[in-house]
Amino acid sequence: MVIDPILLVAVPLGVAFLLPLFSKLGRTAATAVQGLTIVFTALVAVSWLPGLLDGSLAPANILTGGYDAPIAINLHFGLTEAVLCLLASLTALGSLSYLSVREDEHTIGRSGLLQLLIMTGAFGLIMTRDLFNLFVFLEIASIGTYALVAFGKEETSLEAGFKYMLTGAVASIFLLIGIAFLYKLTGTLNIDDMVGRMPPAATAGLATVILFLLMGMAIELKLLPVNGPALDLYDGADPGVMALLVGTVVNGVLFAFWKIALLVPGTWDTAIMTLGMVTFVGSNLLAVAQDRPRRMLGYSSSAQIGLLVFLVPLVQQGTVALAGAGLLLINHTLAKSGLLWLSGKHAGETRREWTGAFAGSVVMRTALIIFILAITGLPPFPGFWGKWQVLSDLMAGGYGWWALPLLIGSLLEFVYYYGWYRYVRTPATSNVSARPLGGASDLGGVVAFALAALVFGVWLMRDLPVMGDRVLVFLTGVGLVLTLLRRLPRVVLAATATAALGLAAWIMATGGGFDLTTPSGLFHLLIIGAGLLVSIAGLAGSSGTGERFHGLFLIMIASLLLLVSTDNLLLFFVAWEVMTWTSYLVVTSGRLGAKPGQLYMVFSGAAGFLLLGGFMLAIGAGHTTITGLGLLTGSTAAWTWGLLVTGFLGKSAAWGLHIWAPGAYSEAPDLFTPFLSGVISKIPMFGIAMVAFRIAAGNLPAIGAVDLTWLLALIGGLTAFGLTLAAVFQEDAKKLLAYSSVGQVGYIVVGLAILTPLGWTAAMFHVVHHLLFKGLLFLAIAGVIMRTGTRTMYEMGGLIKRMPVSFISVLIGIIALSGVPPLAGFTGKWLLYQALLAKGWLFILVLMMFSSVVAFIYMFRLIHSVFLGQLKPRHRDIKEAPLPLVISEVLMIAGVMALAVFPQLLLNPLNAMMHTQFGLDALRIDGTVLTTMSGHTLNATGMMVLVLVMFVAMFLVLLLVSPPMRKIRQLDIGFAGEVPPPAEEIHFASRFAQPYERAWAPFLKPRATNFWRSVTENTGGVIEAVRKIYSGNGQTYVLYPVLLVVVFALLGLGR
Amino acid sequence: MNAVTPATLYLVTAILLILIGLAGVLVRRNILKMVLGFALADTGINLLIATLGSNPERTAPILDKPELLANPSLVVDPIPQALVLTAIVIGLGVTALMLAYVIRLYALRQSLDIRDFGRLKW
Amino acid sequence: MELFPKIGWTLLSLFVAINYGFLINGLIRKVMARIQGRFGPPLWQPYIDMGKLLVQRNSIMHGYMHWLGPIFRSVGGMGVYVLVPVVIGEPRLAGFSDMGDLLLMMYFMFFGSLGMALGAGDAGHPHSPIGVSRGLSQMTAFEMPFILAVVALAAHVGSFDINAIIATQQHGVLSWNLFANPFASAAAFLALLGMNMYAPFNIVGAPTEIPVGPATEYQNSYLSLMMIGRSALAIGKMVMFMDLFLGGAHSIGAAVVKILAIYFWSVFVGAVFPRFRTEQSVRFFLRWPTAFGVAGVLLTQWVR
Amino acid sequence: MKQILSVVLLLAMGWFLVGLVPLGQPTEPGRVAQHYIDNGIDENRGANLVTSVIVNYRGFDTLGEVTVLFLSVAGAGFVLRRRDGLVRHEHRPSSEILQTGARMLFAPIVVFGAYIFVHGHLSPGGGFQGGAVIASAVMLLLLADRSHHLPHGLMHWLESMAGFGYVMAGVAGLVVAGSFLSNQGVLPLGTWNRLFSAGIIPIIYILVGLKVGTELSSLLDVMIDTGRPARQEGGRS
């Protein structure tokens, strides 16, 4: 059963006229009547939705006055209108619940009427097909807005409202000029009728008429130079009012623009698109400098509208699917309204005052991040699907270059939204208020919209194959539940996560998911295995630093499993982005993780957009699968490869793009860092190998004389060297390991870049091995941090006596890392060097060998400063790390040793994998002897036996020859004939590598950091200069539309 | 277009009114005068719309005489007149609201200078 | 060769090498004393030292790592020696060099130093980490020219196989890498100065600053074990240089002479230079020796 | 500087506007207008075609227009909801003659207004014009005596009911003729050029007249009220 859509206008209008009488009955009665009316309008829209969606209902043409168009005004109600009206109703309902608790004695009984009429105005704007009627409803919505924005503090809202009125009045004048002349030219006011009666584009004066119409709409839409008052409004008016406007008037005006654009000749398309895109990028850029979250939301709104305006001509000419733009709009409405409501729940004016906001409320925190994720276009939220659709269509339609500013603008959104969220996640200090305003009764809209964004986004995935994968669905489901129940005791969370992962591992094992001869199988094993180890370690419930990330962790693992097994570009990217935001959230959940988390997210975002760009190029060339990338040729292949590889390198923190890594690694929860280093940083490597290198290297043109793969290897080498060198000078144990991790990834990059079976074998071997030993190191250090409460190495020392298992873990870890035989680090390096030598990249070979030597300094530094030397008195009673950690460590040691003694366990499947990838074997493996294809041999097992035999022999010798030993106290040390100084501990640990630092001084300038700092500073300067155009002076704001008209007219646009 | 037709005269007048009104908005710093500027510009717009429906050779679209009823093509287009009515009312509504704002703004800052209402910016 | 005879021959070879190392050590002390105008200790002084250490009754332990340090050190030293072929075409003196190549040797050289540094660290004497810090800094620096030289040679034959490198030098003295690739050789021999840690690169043990550095807390049987390890390592290293640059040796006699010659290169340099500061040392290696190394690699590439 | 720029820009814009003058020259009425001229009487029986257009063909516009008016009055009331910060002037009461004259003129003006909107479908004028005339009577009264208290209860009731009635009239069309605001079959169309003709049009115009009259009066009251000392609040002003 459907309800006549004319009632969408008639009923609220009738109720609005009566509302003054209802309010005499009391506040509740009036609110109830208003609420019921809005519910009714929502029902009207809902009653149409299923039928319109499946096509069983035709869109309705609603007559008024008893005559059809063009004689009388008619309305149109199709799917788009139904969705927009539903959104408007829902926003109005949410705003009612929000605003009704914020009424003061003066506004009671008055604002409800305005809210209702604003909603009605939007309905009219959405449905009407008559140009002048559209203007009338625009004025209803506008006048309602002018009045309602006076809600709340007069000090700011009146000023903003008045300026808004001034430009609104100019818009009315422009629109009327346009409408009047269009009527004169066509003799009709019905838009659809008018479309067929438009005079030829060359008609004298037509361009001016259209220009006035468009400029009127540009003001109403708040496009770039003329959006000053709207920004002031976001800044000055009550956020609840703004939320209402976003869901009603803004969408209504947008759809009105859609209708007006039908009248605009195609010659204007580029101008409209440019204006929209300039608004999108420009507003996002200016938002970056915003310190006031609410004003920032205003810039963001402008930007989103700009994007939609950009899309209007494209959708109308059929280049872009309506669904894409529609999803973006729905996404923006849900997220922005939600954010606005939330922004009104906190008293903070500036970002700094938002520090620690909503710390006490899981609901508000969760909703806030859902909205931020949604508005920044991350999956599974609708905006992601919209953006993907839009980009694909742009590529397919030959508008590929427009994707570039779109992606840049989207990245800017990352910068400021996660910049804001950074403050939210920073724990509040005493003097900043973190209290939410207005209790919990007004959260209805927030919760509903957050759920709607999530459910709708997931619903959009219903046809994707991923929904059939029970492991993914199971892990994600458990993850979601754990995320929401994150207040449970941590042991419970960790146990559940462990159990879930165990079950997933069992399912996958029985399903043959761990086939090591395929890259996916190998990575499945790594992901699940590392996940299990981290979860087990997480059972150590007493840690003060481990946060409650288990739910997100499961979702992340699900995304990783999907990422390494899918062949679909879309699914790959979905998984990639889910991995990005889950890991971001886990990183920020570290105690000081907020700031490095932001940097991490921005760089990850950039990496994501680079990938997206690469994928889009492939899609533009007609390939939607990863396998399909192999068919790319020519410059498309080169560009795709370049974008993908740069993206992957960014995510793996290659040199130059690494500045996010140390902070993110070190401030992430201690128990998560092993996973971050062991698995997350390997995913880009998987990407380079299995995605980017699907593009046959033969299809890559060289840049000048430089081979692209050599360039990649060089970047890998510089990463390995540069970050190893940086690790040497760290005082913070986790930072040291962080630099080291990133440096090690450089080895993998080099291995992959060699692009021979041997090189890839070396890389894959290192992937597995690095996971084991670096996980081991990070876990052991996590245990130490847990016990000592510090990460600064020189504050420790002598812990070998108190934490022997941790010491052995670190010892095994660093020997494995160093490449000293007999552990498998040597096998890995040997494979890599052989591959490099065979390839003939001598200087990269030198660089890699040299880096591995430099690494000795930090490795010794780590183990010495923490475990050797003299024990601090305050650490005398310290205990070994908790049992769960020790268990995880022992398991990892077992892994490291197994790989050392029997590298063939891994090398055999890798060999098979290489055979599938290249059609060639990497190695001949006879028993324990590895032979490369060029005939070089290594006997890892024999080497191990040799060393062990010698070791045992010398052990026995020492036992035999040394007299009975006496264990002595710490300070009982010899001084070689010098007078012993007074007994005091001296632990040589601070600035351990000082001479080395002096020697390298000229090379140690933080070039990358300085580069990025200068980028931000210069951008910041530009932004500061540009945003001065919003001078705050109402007259200036009025001047801009006039200026715009003149400029456009002088440019002769559309003629 | 040799002779200046009445329509040209009206249109030029309307345009002048719009420009003068907007000039008032852009040049005068007194917000009350700015509101008056808009009122003036609105008038110009109304004149413009009315002119677009005018024809000196025809009469008003009120068919209250049998001869008109018999020959309706003697009357002008009624639509612009209907539109003007709507435009007037809307203009009135906006002006009223602007004046209400002016009252409160004056109460807020004891000033009518637009430059005193620029605290929100950038 | 069968495993057990091989072990027997290797042990024998090792024993000889260690003794040769001891003798060279004694010789060096004598020579140095003569240069400095002293009479100097007898040639067999190292044996006297060793005997003295072994009969010391006082034995202390700071912790298990401290105890394990000398074992690492000796295994590291002997390991390097058994991994290099001493005389061309003589499997009885090739040790276990079939297990790996030049890379294995290079990395195995770190094994002993690493264990030594760990053991010394466990003792808790502040001088030892200072020494280690200096040693590590210097090591990474001299590795640069050395790696360049090794890569130059390896690239020349397309392999890290030491036998292959020897094989290319069997066409008369001028085919020795010392002359075939003088740049790489220069780099490597300058690096050798650092490796051997005689002046001006004796910054680790720097007697007047941090008395013997890492070894501070070792005495008696520990120290004797370390002497053995050091001796084996020294000979192993010299053999490696001999194989790499001086065309290997066709007989034991040739090997003895070449080892001595290589060893005394660093001794003579050490006799005439004062000690560097650590950063000076690091910078030294990163300048000319590195430049030579780069030239060596370029030369190889050009020749190929 | 900014002023000069403004003027220059306005002149430039004016130049482009003047370019539109040729488009504004008299033409034959368009297709839609011709339809009204030819069939307006048949379809609505109202002699005043403008009224037919306003109330029937474009009645939806007019409903919106009434809403705009209602909204701006409500909005003005909302904006002016606070009284603080204003200097209150005690006005010298106007002269006896003015007060008496105003009271005397009030009723005739209201009647004249009512006449205009009742005859809106026959002669020039209509609900808006009539309403405005009524409001002018109220304005006269208020100018003559600032302390005059309007019957707010009645006005609100009239305002609400007139608006609601308009919507109901539209719904009646929806129910009877299947189209909102339809004039077909709700009331007999009657005979051309008679007072009781044109179906529902006069009813709506009367409602509009009442609505506009009370709205504009309320608006005046709200504006003038701000200058008066605060008094007891009674619902919406």
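Annotations for the structure displayed:
As written, the chains take the letters A, B, C and D, and residue 1 is the first residue of each chain.
As a working rule, a contact is a pair of C-beta atoms (placed from the backbone, for glycine too) under 8 Å apart; a residue touches a chain by one contact, two chains touch by 3 or more.
What you are looking at is a predicted structure, and each value in this text was computed from that prediction instead of being measured.
The chain pair with more C-beta contacts between its two chains, of A-C and B-D, is A-C. As a whole-number value, the distance joining the C-alpha centres of chain A and chain D reads 54 Å.
Averaged C-alpha coordinates give centres for chain B and chain D that are 16 Å from one another.
Separating the centre of chain C from that of chain D, both taken as means of CA atoms, is a distance of 105 Å. Touching two or more other chains at once are residues 132, 136, 139, 143, 146-147, 150, 154, 158, 161, 177, 181, 183-184, 189, 1035, 1039, 1042 of chain A. Across the assembly, chain D contributes residues 6, 10, 13, 17, 20, 22, 24, 27, 29-30, 32-33, 36, 58, 61, 64-65, 68, 71-72, 75-76, 79, 82 that each touch 2 or more other chains. Across the assembly, chain B contributes residues 18, 22, 26, 48, 52, 79, 86, 90, 93-94, 97, 101, 104, 108 that each touch 2 or more other chains. Remark: the chains found to touch one another pair up as A-B, A-C, A-D, B-D.
By the touch criterion stated above, chain B contacts chain A in their complex at residues 18, 22, 25-26, 29, 31, 34, 38, 41-42, 45, 48-49, 52, 79-80, 83, 86-87, 90-91, 93-94, 97-98, 101-102, 104-105, 108, 114-115, 117-122.
Touching chain B in their complex are the following residues of chain D: 3, 6-7, 10-11, 13-14, 17-18, 20-22, 24-27, 29-30, 32-34, 36-38, 40-41, 47-50, 52-54, 58, 61-62, 64-65, 68-69, 71-73, 75-76, 79-80, 82, 84-86, 122-124, 128, 192-193, 219, 222-223, 226.
Residue ranges on chain A touching chain C, taken from their complex, read 798, 800-801, 807, 811, 815, 818-821, 826, 829-830, 833-834, 837-838, 840, 842-843, 845-846, 849-850, 853-854, 856-857, 860, 863-864, 868-870, 934-939, 942-943, 946-947, 950-951, 954-955, 957-958, 961-968, 970-974, 976-978, 986-989, 992-996, 998-1000. Across the complex, chain D meets chain A through its residues 2, 5-6, 9-10, 12-13, 16-17, 19-20, 22-24, 27, 29-33, 35-36, 43, 56-61, 63-65, 67-68, 70-72, 74-79, 81-82, 156-157, 159-164, 166-168, 170-171, 173-174, 177-184, 235-236. Looking at the complex, you find that chain A touches chain B at residues 132, 136, 139, 143, 146-147, 150, 154-156, 158-163, 165-166, 168-170, 172-173, 176-177, 180-181, 183-184, 189, 231-232, 235-236, 295, 1027-1028, 1030-1035, 1038-1039, 1042.
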